[in-house]
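First chain written, first letter: the chains are A, B, C and D, and each begins at residue 1.
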């Protein structure tokens, strides 16, 4: 190993070369480290409050429990899920996939990471000071008037982190428009890029509304004047409207990039062009648009006007269509393919299964009558964890396993990774499937204690959570191990198509020695070279 | 925006080829905007009931369009920029109108079937 | 350029949250909102609108000067724009001051004696008034900072017909701030009749 | 805490067999609307199950059938517009059924039958206070009669709560500053959970209780036990006198304030020209913040503000009294559809010292 090749990781040295970098790949790594930390902060809280629910009367105090679940939600949603794939994998891959040297605004990209860190520091500060107990939804007037916890600090964190998300989205949009290599037409764009482009649109259009909402809430809390307080003629429901105008589309900020990852993985490990490329691409755009007109389904039992609720219910069913299209297309992509069972593909299987369940249970919540019966119960909790964790986290891990050789130039131990995938799948289902049953039984969410007849299902769920927790630790360990000890990866360990596999692993600082000219579509799997035996990995 | 130099789509956006607007046009637009400002102040004094706000918003929209079209150079810009402009407006409308629809139709249900403990009237909807 | 447009869309939605709240409460309390008009100085508001429109004109003339490599014109128009912008802020500060004197600042001894029945909804409106015009003023201040930067660069002869993108971009931003005010003026100052 | 979780031997988390012995999987269906909602629920479950099985089966089958084998290459397929349309439109049609079905049940849930017994619920951190028309009050327990429709009118004293009875499949948020309502018809004698399902602070999990569905005889028996303080409207009448309301709101002649007799559920002309319905929410607002809506012909600042003086429960009593001043006759029900405008001469003696003191 005397003559190691120069790549983005070893091109320059020293902490300054990382903290002042404008290289999208290094910024992606900075993000990866930060969000992994946040994931484990949020995850630890989840494990703790699941332990609390082992006994009907709870183990911790109500105060502790309320803070745990609130901070779990805030950390996971705003500091893990929203930036997860866009800020890491997409940040790393979008320029490479479209044949560019970097994003359109490299310095803004770095700025967005710093803004994220400032937001995260606020959130961490709130946790250390004693936490916040409003739930991640910050509903007024509880958050603005009644809560005695560190609402302002946490809200500030969310407000600031929002700008990091806006800047990431803005950067992606401009990059995809302006930085494509010659010949990289829209119909040749990888589906991952399409998905992140759609995500960028949601980030840019939705996040500012969250920002102003949180700001108004902060004014109300600081100065005791505001517009949500019913004591002075305000309407607390308005907070929910503005909050969900962002936060429902935000669900798609979280899941769309995951769908992009799955499209790439399924195509690669089936050795096939994705079935219905156009439909997958346009369904991403369709989701981005429709996601903005369904937020009222979070408010069917709040006293929202009946006809508005009916309209929102209808629109919510509409948004299910493009999601269904994607699932069908991934399945159809395997038809007459050449399917291999590498770890990323296992995660893709997991994603398709869990997302299907998550999506279908969403129909229960779009339908007005069954929403009333399940609103605010564990049914909701199970539903969105199937989408967010079963969907997004599976896709994130799948993508990480897929591109890890490209990112680090190292392979991870395959047996361990398959084992971890199985553990996560089993642990996940054991954790969250019982919650569907609990939900229809009526167990409300955010309860630190519950009637004893719900105990059995809660114990099952907690058992699952501990399995899931271990499942998430295993990849963490072998990924860390592989950076130092993993066998070296070739430029294209999966024999995959796509620009990112045609450059070295890890890529050089400027990705391409010269700007590539694209002459074929992203998924040209029609060739013998995709079936050559995998190159022997060199230790 | 020096990074744009690599961009293939760059020539299309063509900031360097943006036609130079005529001073006469710009001053005319300015004059129109000033006139509209007086107009909107004047109209607001006239009792039009519900229509006051409609007229005010229409005038504001006209003024905003003039600023966007001429001053912001949308008339010379690409379809994409125009699409972005329209998208901003449409999304604003989604936010305002869908929220508004809740508040403006809240009364509808209850007036149709007034709450009452009264047993003799109305049909029970089961 | 596309980046600036995208950013402006974000800004539209940022103000959009407040416009949404405004629409809801105006629908809820039409009488109270109309009653606030006696405290809104239409002459000052209208003057400010005109001032801002003038600044938009000088801004677009500045962009034009940059396009034509006319350095002196560019500097002149940038200075004029900044003067108009500062005048706007000055008038705004004066208005804020009179609101303060009249106890119309929510949270600081808000009083509404001429129509006590509207105390709360009027307070809501003034809260929105301060949020919306305050956010707008903050954008103006940021804009003045950006114009200062342009001025320095223009003095250093950085802009010419081949490179004037920053002038154009900051121009877009400035016009956008103008457009926001164009909507704020009728919504806040021209709500009801003043007789 | 007491009602919900304890009173029972402490289950150890490890005592699995004992726990599994009473593992519930489906809630009791104890109201008239539970059945129809369950039908929709099962329809959704079946559709979801079919779709899940289909997709799992297809994934498993394709993955196995087309697994990578030496010498076999994938067949590149562009896609199929026909197929795409099929699997977009067919599921959408099924979803339309769900939409229509759900909306229909929701509509019914919004419109309580007119013969429903009205019970008032006040939520506060962290309890539910129940008031019945006969004046009985309870905390965290709601007694209802079998097969008698019940309409709950709900108010919150502080934050948003949500009143939920899973066995009845009903739930509605209780938002401060207004009244919310829900209704149900209990169909099974028994004792069922009440939960708060909107997070409301520290003891959110304790904000629950029981609804007791009693058969006719048991209900009559229970009802005869209560009401020591007189009916709800009688309590309201007392408050009406105590707080000096009766000084200005004269019953049969125009005082300084509007006449309340016959007011309930009538349109009221306001000073600013608009018209509102004199429903519960309007009355509540007018009691607590009289200046919020001034009746045409009257001045502001005549009636004192009762916010902070009267609890939500007091307000409910007063409203019950005002309602009792508008006895239901066939004529008034017809009349409630007509715009009967309350007009009164401008109040005299505006400066008189007759303002009631609290």
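Note that contacts are C-beta pairs under 8 Å (C-beta built on N, C-alpha and C of every residue); 3 or more make two chains touch, one makes a residue touch a chain.
Given the structure is predicted, the values throughout are model-derived calculations rather than measurements.
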Checklist entry - Quick one: which pair of chains has the most contacts? => result A-D
Next on the checklist: Closest chain to the overall C-alpha centroid, by per-chain C-alpha centroid: which is it?
Outcome noted: A
Checklist entry - Farthest chain from chain D, comparing Cα centres? => result C
Checklist entry - Just curious, how far off is chain D from chain A if you go by their C-alpha centres, in Å? => result 36
Item to check | chain C and chain D: spacing of chain centres that average the CA atoms, whole Å | outcome: 44
Checklist outcome for this item: Between chain B and chain C, the Cα-mean centres are separated in Å by 17
Checklist entry - Which residues does chain C have that touch at least 2 chains other than itself? => result 2-3, 6, 9, 13, 16-17, 20, 24, 28, 120-121
Next on the checklist: Residues of chain B that contact two or more other chains, please.
Outcome noted: 13, 80, 87, 91, 95, 99, 103-104, 109
Next on the checklist: Residues touching two or more other chains, restricted to chain A: which are they?
Outcome noted: 104-105, 177-178, 205, 209, 233-235, 237-238, 241-242, 245, 303, 306
Next on the checklist: Show me the residue ranges of chain C that touch chain A in the complex, using the header's touch definition.
Outcome noted: 2-3, 6-7, 9-11, 13-18, 20-21, 24-25, 28-29, 106-107, 110, 120-121, 123-124, 127-128, 131
Item to check | Residue ranges of chain A touching chain B (in the complex, touch as defined) | outcome: 100-102, 104-106, 177-182, 205, 209, 235, 237-238, 241-242, 245, 292-293, 295-296, 303-308, 311-312, 515
Next on the checklist: For the complex, give me every residue of chain D touching chain C.
Outcome noted: 270-274, 289, 291-294, 300-301
Checklist outcome for this item: chain A residues touching chain C in their complex are 104-105, 166, 170-171, 173-174, 177-178, 204-209, 211-213, 216, 219, 223-227, 232-235, 238, 241-242, 245
Next on the checklist: List the residues on chain A that touch chain D in their complex, please.
Outcome noted: 54-58, 62-63, 66, 133-135, 139, 141-142, 145-147, 230-231, 233-237, 270-273, 275-279, 300-303, 306, 309-310, 313-314, 317-318, 320-321, 324-325, 327-329, 331-332, 334-341, 349, 352-353, 356-357, 360-361, 363-364, 366-373, 375-377, 437, 440-442, 444-457, 459, 462, 525-526, 531
